[in-house]
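Take a look at these structures.
In the two complexes that follow, subunit A is the common piece, with subunit B as its partner first and subunit C second.
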Partner chain A sequence: MSGEKVVDVARDFSRFPAGRFKEDGPFSGQAFRDEVLLPRLRQNQEALTIELDGALGYGSSFLEEAFGGLVRLCGFKAADLLQRLNLRSVDDSLVREIRSYITRAV
Partner chain B sequence: MWSTLGWLIAWLTVIIGWVVVSDQQNHRELRKDRSTRLTDLRAEIAGVEQDAIAFHTADTCDREKALALIRRLSHLTREIALLRRCEYLNDDCGEARVLFRQACTGENFDLNDATFVKQHTESPVVGSIMAARDGLEELVIDSLTHTLTVNKSVWASVGTGYDYVRSRTVPLWRRLVGPPAYRGEESEEDT
Partner chain C sequence: MGRKGNLRRWKEKRIGAKRLRKSLKRLRASRRTPETLGRVFVSADGVSGIYMPELISLSDQALHETLAWAMASLRSAFTSGAREVRVDFGYTTGLHAEGMLLVYAELTRLIDAFPEIQVSCVPSRVAKVDQALQHLGVYGMLGHKSPVAPELPDAVNWRVAQGANVDGPKMGELIEEIGRLSSETASRLFRSVTEAVTNVTHHSDLAKRLDGLELEPTKEWWMFCRPEKHSLYVAVCDLGIGIPRSLPRTHPEIWADVLYRMFGDRRMTDGRMIKAALRMRRTRTEEEHRGMGFSDITRVLEEVDGSRLRVYSNRGSLQYSNPSLMPAIHIHNFKYSILGTILVWSFPFRDDQHVR
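So, the complex of A and B:
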């Protein structure tokens, strides 16, 4: 959890991310957003690479809360976020889904 | 001179015949493999759908089953991405993959007993899982149908054979007689 510009979900958070809210478990989307994404995004204005491979997999509820929540609850603008976040995965549908949550979050 | 020409034609016929037979055999093997992989993929999509419905219609929220479902879904969507890269699938199924994952794990998937609601088989959650499975499977069936119905013509194999012979002989010829006097742009054989 240092201030590096790459977040590897499996290494920096958990190989088993699941659930939406903190009440749902220790590795929920809310926990990932608040403990991993927010500190790094607020630390500086540079691009942040998110390495998604390596984790067991992702539920949509986790992804929506973690990434959609940045726009819905934390005051980030969708366009800025899409520019700053560099999402990496061999499963391109994951990237597409996350981008849709950021774009459509209200 | 005529005998040399006859000898050359005979050998060319043998080589082209061998290339065509070999290429047609490769095509058949590839088609068999594609068909098997896509049929397995259909079975896997059906399996994930069953797991998702079983999770949502259970009496309580089973975290272990939820994690197993996430794992299986992840494996499925990555497999689809791989098959697309190998051109086994005609479509990247990107939107269909997203919709299927959302249907299975978007709603009623907080993994918390307090918020989990047992679904009945006609609920919107179960209905959307079934619809998303159909949408994804339809794209796989399209690719499967294409695989099973499209044959490679003998002329296409002759073309493959010509490309093969050309790719082998042109560099050899250049090595023997030297490069062309002028090369405006680098050709494919050089790279």
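So, the complex of A and C:
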């Protein structure tokens, strides 16, 4: 457990993530991807756990830009990403939704 | 009877008509006739003003017409060259969330745009309205120092937030303040509200608002929450170009076909355009990954029985009910445009329990 890399969205980013692009607002999907996800993913090739509970909610624009954007814009392969990311939430539909954004991103 | 009798009856009629004219004149002068509400007045001392409607609401044809006209009058008052603009709430006896949000947004925008114009107001004579206007800061905005201390639930339950981008914390904290929503519903509502505001920011640069003020488009939004005993209202407003004007710009190739598929012809009304917008996912950039916000806006309704969404945009409105209610969608078209968009989610509270 000690070696596990964890990103807790509420703790490491914001309890109120919203918006797609950085110009939309301070806690956008693009900001989360560029400032939180990308540095951790590029640090090493290990699995990364994303703790989603704790934030008030997630709009589709935020989720698509943050996770789908990793494939569309940052050169990650959908299959690799799905394998490396461990998405944790009590809301299964949220996890399914994020996985669908990664799968559908081209 | 003869000629004398006819003459007497004619005189009586004349006198009656004269009295009627006089009483109508008095009535108009006392500003009690409904048609003067929502209109501009100009007083001898260079003050231009507006009588606010009795019920500030958009909820039916007549109320929508009066309030939209009142807002046009308010804009005229600010551009009339008057040194002072007075907003008269003296005859206002009721406020609905969507109507009051429009007034609040329009006033904020005009006061910011015309800082050189002095503003003042006549307070409402009805305690709950008076207190709500004080609580919301409308009196303060209009330079009116009211001694009223809001205490009625109808007044102090109102919550307001405003911003100029997708400010998650502002919107989220307002939703959390409500306190009577289950975590699932609060989460879905946050998702709906933030996606609505994200849409506003992405479409704000499409064109100028047709209000004759020639102000640069902004990404400003305003939000009200109003928990009542049996229901909760959450409303978000922007004073942009509105959904009916943005749709042909965001979906230039497909919007006409979507109208045809939905209604059997391509006749445009603002109500139809709103309905078409709620069904569309593709965007002006043709990027499939964008334009998903509208499904988020309605998703919260699927989780709460009896919940509703009302969308007012320019001359149209759409009511979308929880699928358990029939019929699910109503559209309406109105005479005047509100020159903006207001979304109102309403949720029933049952037995003072959390909405689940």
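Just so it is clear, the second predicted complex is superposed on the first by the 102 of 106 C-alpha atoms of A that agree within 3 Å, B and C clash if a C-alpha of one lies under 4 Å from a C-alpha of the other, contacts with A are read in each partner's own complex, and residues count from 1 in each chain.
Assume a residue touches a chain if its C-beta (ideal position, glycine included) is under 8 Å from a C-beta of that chain, and two chains touch if they have at least 3 such contacts.
Predicted model, so just to flag it, every value in this text is computed and none were measured.
Novice: Once the shared chain is lined up, is A:S60 touching subunit B (first), subunit C (second), both, or neither of them?
Specialist: Both subunit B and subunit C are touched by A:S60.
Novice: Given the touch rule stated above, what does A:F27 touch, subunit B (first), subunit C (second), both, or neither?
Specialist: So A:F27 only meets subunit C here.
Novice: Figure out whether A:R15 sits in contact with subunit B (first) or subunit C (second), or with both, or with neither.
Specialist: Touch status of A:R15: second partner only.
Novice: Where does A:S93 make contact in the superposed view: on subunit B (first), on subunit C (second), on both, or on neither?
Specialist: It touches subunit B, and subunit C stays clear.
Novice: Give one of first, second, both or neither to describe whether A:R72 is in contact with subunit B, with subunit C, with both, or with none.
Specialist: So A:R72 only meets subunit C here.
Novice: Once the two structures are fitted together, what part of subunit A is touched by subunit B and by subunit C alike?
Specialist: Correct list for subunit A: 16, 18-20, 23-25, 56-62, 64, 91.
Novice: Within the complex, which stretch of subunit A touches subunit C?
Specialist: 14-20, 23-28, 56-62, 64, 68, 72, 91, 101, 104-105
Novice: Considering the complex alone, what residue numbers of subunit B touch subunit A?
Specialist: Residue list for subunit B touching subunit A: 63, 66-67, 70-75, 77-78, 80-82, 92-95, 97-98, 101-102, 104-107, 109-112, 114-115.
Novice: Inside the complex, what are the residues of subunit A that reach subunit B?
Specialist: 16, 18-21, 23-25, 56-62, 64, 90-94, 96-97, 100
Novice: Which stretch or stretches of subunit C touch subunit A in the complex?
Specialist: Listed in rising order, the residues are 165-169, 171-173, 175-176, 184, 186-191, 194-195, 197-198, 201-202, 288-290, 292-293, 295-296.
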